[in-house]
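What follows are several structures.
One chain, subunit A, appears in both complexes that follow, with subunit B as partner in the first and subunit C in the second.
Up next, the complex of A and B:
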């Protein structure tokens, strides 16, 4: 097992270099003046050089050949310098660190319901094969899969916020925000729910939770549909296998047959799609955060792109690329844990 | 193929899908009849006509059966002409990605060896990037517009088909009839075109038919975020983004503007549902093993 993880970790730098290369490649479509925006550290510098931008182009080596520029850019990257974001009016790294806790919080609250909900629904459908419950779940899956997240999110807001006033958009209500911003409230993680617990502010915790309901459901239902379909068909497959028949024949109660002998095997195909799920969730975060005005990294990139802030968009993309590589790594390792055959390859 | 179609007609699920799809095709074809372009918009029928200057939507009325959305854009007109946009986007992107995927995948699988290895690793990179974010980057650099969004889709979506195609080519490549053709002196290009591709293309085509819905959703999401269709263009995603400003309604009636959200949402859902229903049944027919 350790061997497998080490092999995967050794592969990591190669993938990372590939990701940085592809992100840098996109800047090749920009003119040197546009590229300048991705290098200048703060707006003052642009003002000082106004009317003499060519000097700046030379200063940052933008007239150099591609591989030199790439190398310089990588050096900045390693130093943790992603440039100055015009639209956020701070450095890209600062903007990312500010917005990141919100997205992590959202992801943490979404991932467990997504996987648990999908597996349970799929299992229920398979156990009730061709009964009304199975058909009901199948209909849910296909309708859920056809309902775009931004449509669902708006309908959710219209009813549960507009009409019922239950789940407002944003991350916190105004009164809760004031408590969080006050000097007596310690920001340990930047995640509202966790910080509220650590500070013993239960009202704030409940308020933060209330703001998470909509985004989490919107992120989750699409993947419920996806995971339940895979779980269902692989459970059906495994249920007909010989070892399951043996388990039943020796008089094991049905519940134990399912938890011990069926589910573990049936989860293997689910693990294989977990990688694409990680990718999909990263994309989904952009939409969900925008719809629910949940100020995280996804909303940051969407707004940056609307204002043509290349620096911010490229920096965030790079960051998403990193996240995706790490996510895939975790998924691969989990996969090896579930399916011992993978390790031997 | 005719048999498959007969089965699709007999299955109630796919029949529903086919009927829905037929409805959308008819709406797209007869768009000028269902929602005639007003005289002053004749030069550009894809521009949604506006009936006034008020920002807030107006409820359905005899002249505007589905109401007017943000800035008095006609909802029915936008949806009807938006059907054409949806078909154009879905079919163009699917055809292009499928074509690239089939060519790259079959050549890569047929040649094999190190070439195949390199091509597949490149495909991995394209497949493992969050597509929506990639498209956002592309539109930031190339500018906003449906063409740019479609180009971004094509760049990032061919890899899935290439991988699928390569897998089937690897299986068929070792068959005896290919060895026979080679022994008879048939050229590699001809073997690929005549013997390999016709025998391996079906799984890719099925996958493609199932993806049309998701492509339309992706393009709509980009329009929703403001990177796709230009302002005022008949596009479902854009109509939803219009509705976004009006989900709160009025103080005495919180659901006052429901029609601005529900009708465009319904159009997208039904369109995608149609493709998904057909794709689902199609898959069951082609691969009875996972049926049930």
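Up next, the complex of A and C:
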């Protein structure tokens, strides 16, 4: 096991450099003037040099060969400098730092309903294979998969906020915002629910939770079909295995057969998919965040892309590239823990 | 197990439902709009999003009475100067303000005449690019910027960097500015270069540029230290580095608690030591949400007390119980597509394509061709816009200035929608080359402004249907970025509006037509100097109304002939708020949607 982890860790730097290289490669399609924003830290510098960008191009070595520019960019990267975002009106690192807690919070709260819901539905469908319940669940999930997220999100808002006033958009209500922004409220993580607990503000916690319900349900409904299909087919596969037949022959009750001998084995592929899903959620969910005015990284990316903010798009792409690499490493290691066969390979 | 899970879910839903609907807080006003402020520093602020906040946290020397544009009342000054009360000299060039005593700034310091003097001197010497200081340079010095003042005082006609100026001219500039605004006992005295009719209007509340700053606090926070030789260090600094960019110490009715740029929210709190009665509202929360549907839902549920609803969506909020729409407010503002006669191609490729006249872009002098400009003016469907986008609320303009202002000649109409005439003009442009090769261009608007987006899309549709080789894209941009790019002259063609600073036609002609104007300087400086400057300056210098009328008639005709911009809409305004909102006062001179000092909530 240790060997496997070491082997994976040794590959990590190579993969990371490859990610940075491919991300930087995309800037090769930009003119030196468009690349400027990824190097200039002081926005006023761009304004002052508006009529004389050539001087800035020379200053930042953007007239140099590709490998020199790449090396300079890597040096900036190591210093934690991803450039200035015009659409966010702050540095890319600052923008990411400020928006990431919201996205992490949404991902954390979405993971359990998405996976549990998907697994329960998949298991129920498999156990009722080809029966009306199986068909019903599959239709329900496929409708979710097929429905555009902004449509479901808007319908949800119209009914549960516009009509019932239960689950509002945004991250907090106005009164809760005032508590959170007061000097007595300590910001530990930037995640409203966790900070509210740590500050003992239970009303704020409940309010933050209320604001999470809409985006979480929308995300869950979108993902259930995916998890359901994998769980269902995996369970159907395991249900026909010899060890399950043996367990039944031993006279074990069906519930125990499923929980002890079927579900655990059937969840291995689900774990892999769930890992990738969590990484995807951390990368920000553009549409859901936008519809629910949940100001996380997804909304930031959408804003940057709409306004052709190359620096922001490059910075966030790089960030999520790295997140994906590290996330996949964690998933692979966990997978090896769950399934010993992986280690043997 | 399943029953337990179901019970837990139901219990959670019940808790949510029970806590969900909290009645609106009568002390807190929630206003939801789009487009965050550019800056909170009155020296630089020259846009309505920033003015919205500055209006609440600062006070001016004088103010308009209610909705009036004619009646001025004292504010931080104890009297409104006039020739009759001896505070304006007989020749109209000396204006004195007696300063109110006992007024406190938000940090508890007491207002002095030195604060007032410092405010105007600091702002004049900082003269931020694209800022409002030209409004003071003109009456005080007969020029439009610090750079022009330098030239007037014997310095170079232009300079790359203020560091290049020698010490003597630096001192002379300071002395001129210092002499123009003096403290005399408890009075602050302005010495004008010549009589200037709208001078008091420029200083009145509603214009963020007249906001009074606290000298000691400003210096503590890194602003100009008041010394004669140090001002160049503070000249045209980056907006983010200005002392009052995102913090304040005004003496207005509200204090700034926080401006969270990442989540788009500003919180203001009542200033209990305000020199008048404290405001009725304890807090004001301003949220910035680009999604129109979200803003409308927040209004409907009562979570927002007032929201910005673009005119084409007004029908969607009409009839919602508890929602009040105040329509046909006489706002003196217009909407314009501004052409840049010499935009940069470098760094702008995403917007201007190849930068050449090859069908894949536009050259930097694309709009320098009068036929292109006229063609765009003919290609806009004014009637459809007013009917379907502005929902009938507004008028087709007669040119650069809003039609309700004096000296507009209604016998000189603006262009009509005529695609055939547009095609003819396009055929003449660039000696026929444009028609042959076509072009590709992106029109820009500020994100969230769906009316401007629709105007751009209307042009896109018509122009692309005139010649299939013509390609137009439409793109939104965040307000602060938009303003930055505007002032540096980087935008080729962009939608903008101008809301009146003071009630005079001159206030519209300077920004659009004068070479030192907010839009004309970055977009057509030389062209404006050659064609419009003399007439604009003659117009404000003339005192005889008939003479002014003749000058402005000539100017209006010239603007029509040369079509420097596409003036497409003279606005009227509206507000949408809950019916518990009381005390709303509209004044066309305000750069804010609401003066929260007068507002309160009457919630049952």
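Going forward, the second predicted complex is superposed on the first by the 328 of 345 C-alpha atoms of A that agree within 3 Å, B and C clash if a C-alpha of one lies under 4 Å from a C-alpha of the other, contacts with A are read in each partner's own complex, and residues count from 1 in each chain.
Heads up, the rule we're going with is that a contact is a pair of C-beta atoms (placed from the backbone, for glycine too) under 8 Å apart; a residue touches a chain by one contact, two chains touch by 3 or more.
Keep in mind the model is a prediction, meaning the values are calculated, not measured.
Novice: When the two structures are overlaid on chain A, which partner does A:162 contact: first (subunit B), second (subunit C), both, or neither?
Specialist: both
Novice: Go through the superposed model and pick first if A:308 touches only subunit B, second if only subunit C, both, or neither.
Specialist: both
Novice: Pick one for A:64: touches subunit B only (first), subunit C only (second), both, or neither.
Specialist: neither
Novice: In the superposed arrangement, which partner chain does A:98 touch: subunit B (first), subunit C (second), both, or neither?
Specialist: A:98: touches subunit C, not subunit B.
Novice: Report for A:233: first if it touches subunit B alone, second if subunit C alone, otherwise both or neither.
Specialist: After superposition on chain A, A:233 lies in contact with subunit B alone.
Novice: Quick check on the superposed pair: does A:279 touch subunit B, subunit C, both, or neither? Answer first, second, both or neither.
Specialist: A:279 sits against subunit B, while subunit C stays out of touch.
Novice: Quick check for you: in the superposed arrangement, does A:145 touch first (subunit B), second (subunit C), both or neither?
Specialist: Once the two structures are laid over each other on A, A:145 reaches subunit B alone.
Novice: Can A:290 be said to touch subunit B (first), subunit C (second), both, or neither?
Specialist: In the superposed model, A:290 contacts both subunit B and subunit C.
Novice: Between subunit B (first) and subunit C (second), which, if any, makes contact with A:72: first, second, both or neither?
Specialist: Neither partner.
Novice: Looking at subunit A, which of its residues have contacts with both subunit B and subunit C?
Specialist: 154, 157-158, 161-162, 290-291, 306, 308
Novice: Using the touch definition from the top, list the residues of subunit C that touch subunit A in their complex.
Specialist: Residues 13, 15-17, 19-22, 25, 28, 30, 36, 129, 237-241, 257-258, 260-265, 267, 283, 285, 287, 289, 291, 293-294, 297-298, 300-301, 303, 344, 346-351, 447, 475-478, 480-481, 484, 487-490.
Novice: Taking the touch rule as given, give the residues of subunit A at its contact with subunit C in the complex, in rising order.
Specialist: The contact residues of subunit A facing subunit C are 31, 33-34, 36, 42-44, 46-47, 50-51, 53-54, 86-90, 95, 98-99, 154, 157-158, 161-162, 164-171, 173-175, 177-178, 181, 203, 206-207, 209-210, 213, 290-291, 293, 295, 303, 306-308.
Novice: Mind listing the subunit A positions that touch subunit B in their complex?
Specialist: 18-19, 22-23, 26-27, 29-30, 129-130, 142-143, 145-151, 154-155, 157-159, 161-163, 233, 236-237, 275, 279-280, 282-284, 286-287, 290-291, 301-302, 304-306, 308-310, 313-314, 317, 320-321, 324-325, 328
Novice: Given the complex with subunit A, which residues does subunit B contribute to the contact?
Specialist: Touch list, subunit B to subunit A: 125, 128-134, 136-142, 213, 217, 220-221, 224-227, 240, 243-244, 247-249, 254-255, 258, 261-262, 265, 268-269, 272-273, 276-277, 280, 290, 292.
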